[in-house]
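Lettered A, B, C, D and E in written order, each chain numbered from 1.
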Amino acid sequence: MYAYILRRLFMLIPVLFGVSVVIFFALRVIPGDVAITILGTDATPEALAQLRKEFGLNLPIYEQYLSWIGGVLTGDFGESMRTGKEVLPDILNRFALTFELTLFAAIISWIIAIPLGIIAGLKRNSKTDFSVRIVSLLGVSVPNFALATVLILVLALWFSYSPPVGYVGFFEDPITNLQILFLPSFVLGTSMAGAVMRMTRSSILEILRQDFIRTIRAKGARERVVIFNHALRNAMIPILTIIGMQIGVLLGGTVIIEQIFSLPGLGQLVLTGINQRDFTVVQGSVLFIAFVFVVINLIVDLLYSYLDPRITYK
Amino acid sequence: SNDEGNNADAESDGDSSVEQVLKIANDQEPAGLDPHKTPAHSSVRIYSQVYSGLVQFDENMEVQGDLAKDWEQPDESTYIFNLREGVTFHNGNEMTAEDVKYSFERIMAEETASHIASYFSNVESIEVLGDYQVQFNLKSADATFLSNLTNASAAVVDQTVVEENEDLQQVAVGTGPFKFVEWVPDNKVVLEKNEDYYNEDLPKLSKVEYYTMKDESARLSAIRTGEVDLTTLTAKSSSLLENQDNLTVKDYQSLEYSYVGFNVDVEPLNDAKVRQALSLATNRESIADIVWNGDAVVSGPVAPSMGDWSIDVKEHELYSNNLDKAKQLLEEAGYADGFDITITTASTYADMVDTAQILKQQWAEIGVNADIEQVEWGAYIDTWLNTSADVLIGRNGSGTDPDRALSYFFHTEGSANVWNYSNTNFDELVEKGKVTTDKEKRKEIYTEAQELLLEDSPNLFLVSPMKYVAVSNSVEGFTPYPHDGEDILEVTKK
Amino acid sequence: MNDSTYVLEVNHLKKYFPIKGGVFKRTVGHVKAVDDISFKVKETETLSLVGESGCGKSTTGRTIMRLYEATDGEVILNGENIMELPKNKFRSLRRNIQMIFQDPFSSLNPRMKVRDLLLEPIMTHKLAGRKEALRMVEEMIETVGLSKEQLNRYPHEFSGGQRQRISIARALILKPKVVILDESVSALDVSIQSQILNLLIKLQKEFDLTYIFISHDLNVVKHLSDRVGVMYLGQMMELAETDVLYENPMHPYTQALLSAIPSLDVDEKKERIILQGDVPDPSDPPSGCPFRLRCPMAFDHCAKEKPSFLEKEEGHWVACHLFDERFEHQREKQQQPETVN
Amino acid sequence: MSTVLDIENLSIDVKTKKQNFNIIKGIDLKIGKKMKYGIVGESGSGKSLTSLAIMNLLPDVLNISEGSITLKTENEKDLTALTKRQMQHVRGNEISMIFQEPMTALDPLYTIEHQLLEVLRFHTKLSKKEMRDLGLEMLEKVGISRGKEIFKSYPHQLSGGMRQRVMIAMALICKPKLLIADEPTTALDVTIQAQILDLMNDLSETNDTSILMITHDLGVILETCERVAVMYAGQVVEETTVRELFKNPKHPYTQGLLESIKTLGDRGKSLYSIPGNVPTPPQYQEMGCRFATRCPYAMDICKTKEPDMIEVEHDHKSKCWLHVEEDAVHE
Amino acid sequence: MKEFVQRLIEDKVGLSGFIGMLIVIIIAVFAPVIAPYGPEKMFTEHTLEAPSSQFLFGTDEFGRDIFSRIVFGAQVSLKVGLIAVGIGALAGLFFGVISGYFQGKIDQIIMRVMDVFFAFPDILLALTIIAVLGPNLRNTMIAIGIVFTPVFTRLVRSAVMSVKENEYLTSAVAIGVHPVKIIIRHITPNIMAPFIVQVTLALSGAILTEAALSFLGLGVQPPNPSWGVMLNASRTYMEFAPWTILFPVGAIVFTIFCFNLLGDSLRDILDPKLKQ
């Protein structure tokens, strides 16, 4: 088990190396650099050259890469070219927000999706099933940014409500934090819910067809036992996959929601970074997100082996 | 609004029962706080509250003292400033002539890469005459010098702070009305009252919080529900708030204008007739109507809010939207059937994109088929800088002095003349304008220069938009000016 | 014996599957699925391999076919060691040795019509032009007892037995010398099974085929084979002519296996040897004789040494210490196997 | 002999929006106390459905259209008329069942202990310890000595034979009156099959449990059962004692089946084989005798009219027109 | 195939999805016929007018007919969907088949590279690619295509590996069929079921992603009538001209919904496990 974790962590290295190379060189290919975006229309060739020198952008690309990756390996992600702030603490700070948002969204989606999915699966082809399927598909079909925009407007116009401005961390002020995060989590959660609902339904259907369910019934089990102790637990495994995937996707996929709700999350950091050609920030964040993504995959895999004794990692 | 209490200053000039905390929503995150290095408006609005310069504009755009009590001019190219005594930086250090010298030398030093270095390229040397007296020696007479000094970036900084922090992007220690408290990236910047501000009555607020809210609908909703007290708006949303009774929308004419830039080296744009034809094909009112909700004025190279400096372009022939004339000019230039062209614009700014779309439609009427290519901001600046687009849509700030608006952008050697435009007559005119200190004469020169520029049309100057600020009714004393749209010095909350 | 009468010789064939483990997924052990097996197959005879699940029957067949690369050993087909041929070269030789699989439901590509399924081997080996090939297909389909009209159908439109006929046609259309049948009738019902077995016997005569018949059904094996090899845990335990083996099994395992077949005679109550325990894990086989843990006659030496595969009587090979001269006395000493009615 | 289970005229239909036809028709079976009863038939002949019908575990699309299934234990009850709750009490308690695939019949996520003791939790009020002891005792009985270890294992850690033993332990732990074994050894090797059949024989003897053994292997029937019903295409075509069936098969299908098995092993000789294929349910809807298409003796009437189940000899029933003809001749 | 059509017709949900998709396709194909005006035609006198008989869905801030733009927008959306998914699906098919069939080193290499791309969050990867290539319709399609490639590769690879379990594949090898032909004739057709399902789902994903990118101001650019562009542009007006946002959102939701309906029921239809 530990050997397995170790191996997986080891396998992280080539992936992260690949990510670092791809993002590093992609950024250099993008037209424009940080000097240009800082100076804007005030740019003069001298000022530009000076700034570029300051950021080391005048060095050969491979040297730039080596010095960056060398820093990263020693835990030094460098400083933002734009603001001069250290990159890593900023990433961690923002990750806390994005992660919280993702987690809430996931929880909201489970609360909505799993019970409905179970009901739909159990009553396959009934009216309930039909409506649940339609609703879940609708959930998937409505772009979350459209939902967010409409929600913000409707709440402000009809209920005079808007979430508090200025983000505060959960540990600073939990209540305000929850108030701030509720709407965005809700929007993300509903759009996640559709897929989870679908997966719940189909894996419940799949499990109910299995032989062992028949065995349990043959033993004289009540339906409640059949469903909750056996069917659901088995169905959780594929559901877990999709949840894991969604959490991974959300970690970087909250960009739009963060922007709409003015949340200083990781997505914002990258987006702003790209727009401002703040290479160090983008490189660092993307590498970090990739790291978290791979780790989440690992955790999901480990959860599998926890849920499913057949899966053992050696 | 619920907010953590402010202990620094309970009793204030405003209604003492109300916390004097102003919450402002901005569309952009500050790019950094170093006044010498950061031209972005999102930064200026913050560091201009923290730093002061030697002089400043009053509401009529007349230069008046700030850190300098007054100044004298022994000759055309020498300025002596007498500083206020007893002014301290927010860290308690006294501000002296040495600091002024240091600050401007920092601006002028090449390694600072300051965006306003060119403003002071005419400065020969700076001499400290006494603790409170400093002398600037210019290479030649310079009519722009004083107004350049009003620039928020021409701020006086504390040398020790610079040395401690290497640069000033993360810290802000000035002599201005507000002290910098914290900057939480992509979230907020907090300032608090400088109790030791040289003007004892000011500022009236005890605290200012700038929130970054990139999404306009979020800002709208926040100002509506009173979560924030003040926010900038686009023309489009301003009308949405007209009937809102808990707030007022204030507008002011900006110092900016939108333009179409041509690479005058490439065919067919190297032919002035073609450019004139395009000018004639352009219906600027329509752009003002659609893009700016009707609240923009037709502009030449010097924005109309520069008052006397700008010429009245409304009646100019090239602004007459005369399609027949346009077609005729095209024919003369040998493009009777029109041509194909690509308009490049920044996707970051909706108004530019909208403008491009309208132009595409308008120009089509004289047979010019335009494709629109949008690039995002970094690439846009790159394109601009390298003149890698034939037609570029943009917005310029025409500065506070006509020299900036004309010489900087269109002089053959002008730093921002990316258009490959070169006209010796024009060059001579703006060179002369810069050293002419007599206002009337200067005005004549610049009028001529503007006429010339319109005729050559290296750029098509379109419209100068209004800017809008939505202010909650609990805010008093807020008046935006073209040169300072977010002056909060006198603001109180009730 | 004259070598030329053997179409196929398998010498010391081994197939080990690696077990990966450890931090870097290195090979930490092996499943010795086939562990040093040798036998020869005469032209037009049927040699059967029997044994319990997991004993390596299929692996033997597949390794001979080079569907798995052998770990060691040689397979001599028509005098040529096919294990040493480069893959490309061997591909063209495949027409000489064909295989028919167990599962009638998954052994035909569901998206190909029967005609295309049968054409494919001919076209692959460029045995004929398209017209001639079509004729061959039509002939073959009738040979296996289906009709030309059925060529246009897809596999799922056929019953299991019919599908197995198609599989047979597909393998035989190449006119191979050797056919390996891996549990080819096990999945079929009794009444269908007899049809297919009859067909196989008929085709063997018609085309002079040599069969290697892999099965766990001892009744079917008895019916079909000339010689039978009994495998256990990757090794050959006993090999003899069918009648000899069924009448006079030497190896205790063979005895137990034969006794476990449910009898079909109402009046005969046969004595069964009930073996204890399960087949051991092939990745961790017992020392010495692989069968010793379940063997009712095991004695101390069985754990020490692996018995060698010896020809005890003419054509009757067995791997058991009881038949080693050194331990002959053990055989007498042992009680009659524990019996159950 | 008194009867434990009495199935009368059982028919099962498929009912969906798209299709609606009969699959199993007119099954009559009587299983006596302590009797070992076999049902034999080819794949798809309806053996499993019959057993599932007894347990009231038919899939949703299938339902019993006719007939009754009477369980005669302390009190007599028609299983088709029980409520869900009552049926749950019968399952695993009075009738239990083991399935063909020991691989998939156990929940992969729970330990053997959990799954074995679950039955006791459903049907008894024993304490935890009592359950454990009983469970271990039961494992002992099915020949698993390392019960405590096996308790902690998960199904995938056991071999097929072990799993099937666990299934048997699970089925017998409540001492049911009837054990239904649906092809309990098909997936197992011969030597393991011998172990399992042996075990089932022993246990039914000691527990007075009747067994309904379902298989397609006549050999298994002969080894284990006293009576047997031969099923073909959803019907019972012949029913008698095992001995009688082997000595004196009446129905042409049974005859063919036995013939083909008996010729197996006579090397060189061609095997006897019944021509043609088993019809599928949609095919046999309109047929008279469902075996008619493959029957060497088929007459005209066979194709159009379904024969009755006739007691051709004492305690020997067969469903074939041939018997009617014979009778007619005799009379 | 026949059976497949049969099943689709019987499945009302899938059928309605299919019909909906057809409607969108027809609208896209016949856009020039259906739309009363050109998508970029501005009626500057009629800016932001409510729906009327002249302008069925009203007009936008430039006085363009929203109905016409939505109709032409269908072209853009479908084009983005089809081409982007086409790129991703073909690349995924190619790499997935190679990976799954040959296994070993090449599989390792391909999958590690895919892992790298997979580790980028979708939107961020698309953003980066577009930043590199420049925002426009073509590059949006390429970017989305690249984003989808790892997903398809993984799907195809695992489908290939499960097809490889089938004996018909071993049988083809045994017959001596060349690996390339095995891939073309035996593997590819048999992985089509999950592949097609993924394609329909990816189509809706692509349309949504395009909308999201346009929303961020990247991706398709005005005046191109992409629904995402329309939606983004209209956000400012939605309060006093709700039709400007309502119809684009409606169009997106309808299309995605239909694709999902279809994909969902295709999954049921094509999944042999769910048959019965």
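The rule is simple: contacts are C-beta pairs under 8 Å (C-beta built on N, C-alpha and C of every residue); 3 or more make two chains touch, one makes a residue touch a chain.
Here is each chain with its UniProt name: A, E = ABC transporter permease; C, D = ABC transporter ATP-binding protein.
Note that the structure is a prediction, hence the values are computed from the model and not measured.
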Target chain C, source chain B, minimum contact steps: 2
Identify the chain pair joined by the greatest number of C-beta pairs in contact. A-B
Based only on mean CA positions, could you tell me how far chain C sits from chain D in angstrom? 32
Chain centre separation in whole Å, for chain E relative to chain C (CA means): 50
Centre-of-Cα separation between chain E and chain A, whole angstrom: 22
Dist(centroid_CA(chain D), centroid_CA(chain E)) in Å evaluates to 52
Give the residues of chain C touching no fewer than two other chains, as numbers and ranges. none
Identify all positions of chain A at which a residue touches two or more other chains, and write them in rising order. 30-31, 149, 153, 157, 259, 274
Multi-chain contacts only, two chains or more: what residues does chain B have there? 217, 348, 375-376, 378-379
For the complex, which residues does chain C have touching chain E? 62, 65, 67, 91-92, 94-95, 98-99, 101-103, 106-112, 120-121, 124-125, 167, 170-171, 174
Which of the residues in chain A come into contact with chain D in the complex? 210-212, 214-223, 225, 230, 233-234, 307-310
Along chain A, where are the residues that touch chain E in the complex? 14-16, 18-19, 22-23, 26-27, 29-31, 130, 133, 137-138, 140-143, 145-146, 149-150, 153, 157, 198, 202, 205-206, 209, 248-253, 255-256, 259, 267, 270-271, 274, 282, 286, 289-290, 293-294
Which stretch or stretches of chain B touch chain E in the complex? 216-217, 234, 236-237, 239-240, 286, 289-290, 347-348, 350, 353-354, 357-358, 360-361, 372-376, 378-379
For a test of understanding, state which residues of chain E touch chain A in their complex under the given definition. 13, 112-113, 115-124, 127-129, 131-132, 134, 204, 208, 211-212, 215-216, 231, 235, 238-239, 245, 249, 252-253, 256-257, 260-261, 264, 267, 273-274
